[in-house]
Amino acid sequence: MYHSDDKLKEECGVVGIYDPQKNDKISTLTYFGLIALQHRGQESAGIAVYDEGNVKYYKEMGLVQEIFNAKNLELLKGNISIGHVRYSTTGESYVTNAQPLVVRYRGGSIALAHNGNLINAGKIRNELEDNGSIFQTSIDSEVIANLIARNYKRGFEESIINAVTEIEGAFALTIICEDKLVGVRDPYGLRPLSLAKLGDGYVLASETSAFDVMGAKYIRDIRAGEMVIIDEDGVKSYMYSSEKKQALCCFEYVYFARPDSVMDGKNVYSTRQNAGKILAKEHPVEADMVIAVPDSGIAAAIGYAEESGIPYGVGLIKNKYLGRSFIQPDQKSRELAVKLKLNVLSDSIKGKRLVLIDDSIVRGTTSGRIVSMLKEAGAKEVHVRVSSPPVKFSCYFGIDTPSRKQLVGAIKTIDEIRDMIGADSLGYISIDGLVESIGKNADSLCTACFKGNYPMEVPKLGNKYVFEKI
Amino acid sequence: MYHSDDKLKEECGVVGIYDPQKNDKISTLTYFGLIALQHRGQESAGIAVYDEGNVKYYKEMGLVQEIFNAKNLELLKGNISIGHVRYSTTGESYVTNAQPLVVRYRGGSIALAHNGNLINAGKIRNELEDNGSIFQTSIDSEVIANLIARNYKRGFEESIINAVTEIEGAFALTIICEDKLVGVRDPYGLRPLSLAKLGDGYVLASETSAFDVMGAKYIRDIRAGEMVIIDEDGVKSYMYSSEKKQALCCFEYVYFARPDSVMDGKNVYSTRQNAGKILAKEHPVEADMVIAVPDSGIAAAIGYAEESGIPYGVGLIKNKYLGRSFIQPDQKSRELAVKLKLNVLSDSIKGKRLVLIDDSIVRGTTSGRIVSMLKEAGAKEVHVRVSSPPVKFSCYFGIDTPSRKQLVGAIKTIDEIRDMIGADSLGYISIDGLVESIGKNADSLCTACFKGNYPMEVPKLGNKYVFEKI
Amino acid sequence: MYHSDDKLKEECGVVGIYDPQKNDKISTLTYFGLIALQHRGQESAGIAVYDEGNVKYYKEMGLVQEIFNAKNLELLKGNISIGHVRYSTTGESYVTNAQPLVVRYRGGSIALAHNGNLINAGKIRNELEDNGSIFQTSIDSEVIANLIARNYKRGFEESIINAVTEIEGAFALTIICEDKLVGVRDPYGLRPLSLAKLGDGYVLASETSAFDVMGAKYIRDIRAGEMVIIDEDGVKSYMYSSEKKQALCCFEYVYFARPDSVMDGKNVYSTRQNAGKILAKEHPVEADMVIAVPDSGIAAAIGYAEESGIPYGVGLIKNKYLGRSFIQPDQKSRELAVKLKLNVLSDSIKGKRLVLIDDSIVRGTTSGRIVSMLKEAGAKEVHVRVSSPPVKFSCYFGIDTPSRKQLVGAIKTIDEIRDMIGADSLGYISIDGLVESIGKNADSLCTACFKGNYPMEVPKLGNKYVFEKI
Amino acid sequence: MYHSDDKLKEECGVVGIYDPQKNDKISTLTYFGLIALQHRGQESAGIAVYDEGNVKYYKEMGLVQEIFNAKNLELLKGNISIGHVRYSTTGESYVTNAQPLVVRYRGGSIALAHNGNLINAGKIRNELEDNGSIFQTSIDSEVIANLIARNYKRGFEESIINAVTEIEGAFALTIICEDKLVGVRDPYGLRPLSLAKLGDGYVLASETSAFDVMGAKYIRDIRAGEMVIIDEDGVKSYMYSSEKKQALCCFEYVYFARPDSVMDGKNVYSTRQNAGKILAKEHPVEADMVIAVPDSGIAAAIGYAEESGIPYGVGLIKNKYLGRSFIQPDQKSRELAVKLKLNVLSDSIKGKRLVLIDDSIVRGTTSGRIVSMLKEAGAKEVHVRVSSPPVKFSCYFGIDTPSRKQLVGAIKTIDEIRDMIGADSLGYISIDGLVESIGKNADSLCTACFKGNYPMEVPKLGNKYVFEKI
């Protein structure tokens, strides 16, 4: 049981810093910001810095701390910086696809970092190729860079606006162009992007937790359909798209974002705790202890305990040293390996009726294993409560979801899932309950993975390019 | 603030497996066991396997998962195995000092893994050197191996007994000698060692959490002053020392051991939760929320909350990706770096009176930083409660403690410490309270770091050898 | 003295293999070919393989043997393959610039490997950028790929011809396009490219020594201005340029090529030996022994000895283990380090009058050091003879030459050079002598570095793009 | 054909430096010396430095240049230094066996570097183990260190003398003990060791070529049975063994030593050239060209050419980039791989009657392949001449020889060997001829591998310890 196999995956995190003065701290600050966003992507990371007309960069496969060191950070001096962390999707994990993407075009150097997924990237690639363009990567950033380059004659502001108007899907971008830092959020605001003040300069980041480690003061979130250009004159804002119904991804609150981030005005931890409380009202149960699937279920479990009056306790212990380099054991040993990741605190749960809080169930494989581990260790009853509604539809906006056939919420009824995972009872928070927990209008959140109500038309087929770098 | 700078450090963990049949799973099981014990030492790790008369081994600097892979585990086939994880003490971190130590002596090959610290190692080295011995490492295992070799004529059982009778201090040993697995615990039982059944064979480990990941069934703890020899005839026990007053290290319960381990009959998590409850009785306070210094304060915080009726909550978020490879930032950036490791959940704690539970305060530096972070983020009051008594004396039995001058508990009064860390109030659990929380007789625990009542005479001066491998 | 600092540098070597059947040996054969061409570039290497519509590739910084192993070669199965080795030019040494370049365009995937240098790359880049192209590398191959892509509508043959008609300068290309292997040589044939038969397939390579290690049979050299397309129908030839006066680079014979290669019909070793004989006639001297600057002067030294009747001997010993990883010693130790690379065989040369044969003198720094080493070791006289004429002009066709100010042949008279290097006499082969030694018509060789008679107009200024990947 | 498979292997090289003043150049000088001795061992290397009472060291698997860098050399400051390069023997290649060996004994720290092989190491190990010693490596140095430690009471000079009196076999040692540098050569002088002056200090090295790169001035060779102790009072000499008949290994001259070294007064290159001349007299033949198997046959080939009047030429080209990391090709490709290492210069040898000079034939496999390559490339006749007599007996003194069954000289007649390798004629230099070429008395050279006349009794069976570090 690799616990995380049963979770959705975020695809990326971005950072951008503008400082009026060239300084040698900018890369270290960007590095700090990327460490704070490491949970959004562990495959590769990179930093690009603008220094008096030139863009220098360094990117590599691995964790932020493995890639950067005093020596390469020292070389990345300048006054504008962007950074990126990337999540690994199968088969495309190599450094050519790492970001930021740095290219030369008629207007000079441009660096781009992208969080999200374009749904018309394939179509635009085709058009660009019809006009003779070549592509060297399979990332959407290369499409965006080409679009910007095609329109360079109109000046960089207009060419960027033109580019973001052509692309469809989810995107939060930080861009270095000329001597400016640009931040863009898609017309639905599907992916988050926030702005902060740092000394005389500014910072952009996917999450506010990145601001905390830089000592930056949160100003506001970039709006859906907004582009900001930051330079020595400060922050200029452009609403390049008539503000559509905003649709920030619900799962940012449910699972992706760090609990200490504040997203579009809502503290993530609080929304999770709220969800636990609402869950306790929607699916009450008599029990002796509320426990969480660590770490993502903890906030909701505390909320559930508070609301229900059932004591909160610890029932499962995670091995915090188990990293990505863990070797896949042979079949015989695999069952044992389950307990390497997550062990039951037998003494705490023996003979007890448990409420087990999980933030989400995607395939359902892990949940079943945890329930049976708890029962084997002596739990009398295990009542599973899930702080997000059943995931029934794939995401096309930057989240790695299995195909619908593998989404247990799409193919089984609640009762069937309960039986499958061996729980004594199973309750999911309602969609309304989740929306309430976040405290925003239902219209301003994307709930497509629960309801299929995609904010825009989604493609029937994938349109990914594949480069077979071995 | 590197949080762990302000904690005591465990020095090692050991594992041993005996299987009647040679098999290719033994190294993988040992590897699993070492991963479960990784918290006891992250500097180096090693595995030695006995295979038809030969001892093969592999050891390296780094985490268990970094060192071992399918390829080298495959080469370590056999039917007896021992493993070791080591904590890094300054200046001695190189592979020569990694364990197990494997040597040839007149009786064949012998492999040793040692958790603890000998207080007469220097004296014995001197005697051995007087007789012409040479030393190639600075680890105590080499002393023990020499003692065994000196007496080889008496047969290995007697020569091991002879050796462990000569050494003084703390030791839990797993040894491969001839075709047997040997486990030894010092006469005071200062360091833990447990026995379990696995199929037709047996397992020894510093903590029972290692048994869980192997699927082994816990039998009992090795007794203070006991040596067990495991071979095809099963487990033979020798009480090589008239059982002295047992004195298991208190800090195993307070901080070192995994919460899911059961040590000398007591579940570690429960003892910590108990400590929280007792702390609530000893040092009650009016407050709005109990929070923990993650992760080590969580169990006591839950106990404190339960006993006091004040709700438990999350106030601090740890970055789980911040590994050992994190670069030391320059002075300017260091203050920021604090928040990389631990960030405040401002929304949760704003305007609240907090009880902050920490498991221990050693130097006091981290505690002060956390209190000020909480206050800056809006906490109205911060009442610090510590689930262990003030640490006033250095340990000589395998725990890395700073000199007394750096132990804040030794040089300041409680009030001075409270002022130093900026808390609104400060309360430590009493020694009696801690003993009660563990549920054992005060006489059977070592409380020397609180009281100075060392179970044996301790040396005035260090006696470490230094090899300057650069 | 880093001996090679005083030599011209070749920039690249290319290989291509076409096999009618997919097989798992093609990458190993390409790997062998690249090892045979390793002397043409030691910075980076790469292999791209066509496999049923897809192009897979692997490229990395380092030597061929360091980059490839059984595992990655195994993954590169297919029936068409190209390979590339690259020489390191300052400031541009990173993997993005490694070749082959693999891109997607409207027609599918295309892979290119380029030996040479385009003199109008900057101009074409400008034009392409004017039309909205972006560039991600600073290598000419990206320009060529864009040109091909622009014209994809005409079909790949015509689009390649169109591309190679637009570019100016030196180029020997191997290209995978659709299911074909393409080889192109520039209209002057400045860079070499040969064709061989291997089983049912064909091989292209910069030098015939690559054929020997593959067991391929040399057929002929690709002609200046010729493009060959190799597919299941065999080899088709296109003369895309009216054959201009051919101008194969003289230095291929003098220094770059392996002595066991046959280039445009002439065995390289023999031409060097001939040069030594002619040198003996042009600059005779009374002496006791002829010695060579190893290894490049050996063939000419043997020729000089034969012609002059003065015995050939060994006077200088090269340390064959001194690799690229040798650390730069501090200033104090640098003088000593000279002898790490090249030591004098004092016994052999003591009291003797020496003829010292070098293949070329570029800056003159090394020559001076060698002469003084020989004299210190007891040589009575040192008569330097150089088997190429004085290098007076920079190369624009793929050879890394210092600026004219650093070319000792451009700024000093022969007498001045003789004094500078401390030789008793100094003689260079004449340009006519060199041409005679090669055995080709003077008109069919490029002698621009000696005479400045560039075969085409060369740019006044460099036009290199710089990407600052740190 | 891995050419070197068919050669004998040297086992080690040693260096030692004494400087009256602590300085930061001593490790760099040692590093230079080891690079100059790299041909004597490419498996591992190490440097130990004495610095005010402490011995610091660093050793690792790999080439000298791969192991050391500015950073670790910087840490090795001091005033006495020893270094070691080691050749890889099967199954024992791991860092524990790397040298120098650094141990602590009653007298302090001691560091040893050993070139050679003890024939009574097993016996002494047994005795030491009988007295309770343990062993952690399989190298002879550990035996020597134990012997020194056993006798520490007599003071270090006497304890070292005592140790070297007990050991039998071949040894050239450099030792740091207290604040002195010690050099020892075995009673037969089987392995070389020379002394030089460097500034106010002294240098010891296996070969004088190490002196050249340090700028040290050769003084003399250490005598057979001599120990020198170097300290602030200069060099003291002890003849610890009544000088036996010296027996320096012939193969040092034939193959092992660098041609630019002077060994026991004889320049290595000159002895090889002499051997070629004598070979020409002993085995004349009518031919058109004399060629060498590169690089080791070159000196003798030049001598043969000079004596016979047949012109010297180049017929075989070695790929100088083919390093240790070259992957073993699959069976199908192996034949091709032969030419990766060594290619024929077809143009030079076509139609010619060749004399092919090799320095030695051990198994005969390579010689056969070279002869057939030459014939395939058009050689009319190939007359093989070998500048050492047939190798018929295994070496026990530090040279890695195959078992006698694999020594072609032991199991076949000259005519059989000639037929086996496909040569038109075959001639070996006579033993007398070889001795004459070296210019020393036959009595002062070890010719046991040719005649079986071992200078001391050799063991019937191997006595190697095996530690199975995987």
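We call the chains A, B, C and D, going by the order they appear; numbering starts again at 1 in every chain.
Throughout what follows, a contact is a pair of C-beta atoms (placed from the backbone, for glycine too) under 8 Å apart; a residue touches a chain by one contact, two chains touch by 3 or more.
Keep in mind that this is a model prediction, so the values were computed, not measured.
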{"item": "Most widely separated chain from subunit D, with each centre as the mean of CA atoms", "value": "A"}
{"item": "Centre-of-Cα separation between subunit D and subunit B, whole angstrom", "value": "49"}
{"item": "Where subunit C and subunit D are represented by their mean Cα positions, the distance between them in whole Å", "value": "36"}
{"item": "Intercentroid distance (Cα basis), subunit C paired with subunit B, Å", "value": "61"}
{"item": "Shared-contact residues (touching 2 or more other chains) in subunit C", "value": "none"}
{"item": "Chain-level touch network, classified as line, ring, star, complete or other", "value": "ring"}
{"item": "Listing of all chain pairs that touch each other, if any do", "value": "A-B, A-C, B-D, C-D"}
{"item": "Sites on subunit C touched by subunit D in the complex", "value": "25, 28-29, 32, 35-36, 38-39, 42, 63-66, 68-70, 73, 209, 212-215, 258-260, 262, 267, 269-270, 273, 295, 298-299, 302, 305-306, 311-314, 317, 319-323, 325-330, 332-333, 335-337, 339-340, 343-348"}
{"item": "Subunit D partner contacts - residues on subunit B that touch it in the complex", "value": "54-58, 72, 75-76, 95, 101-106, 110, 129-136, 142, 145-146, 149-152, 465-470"}
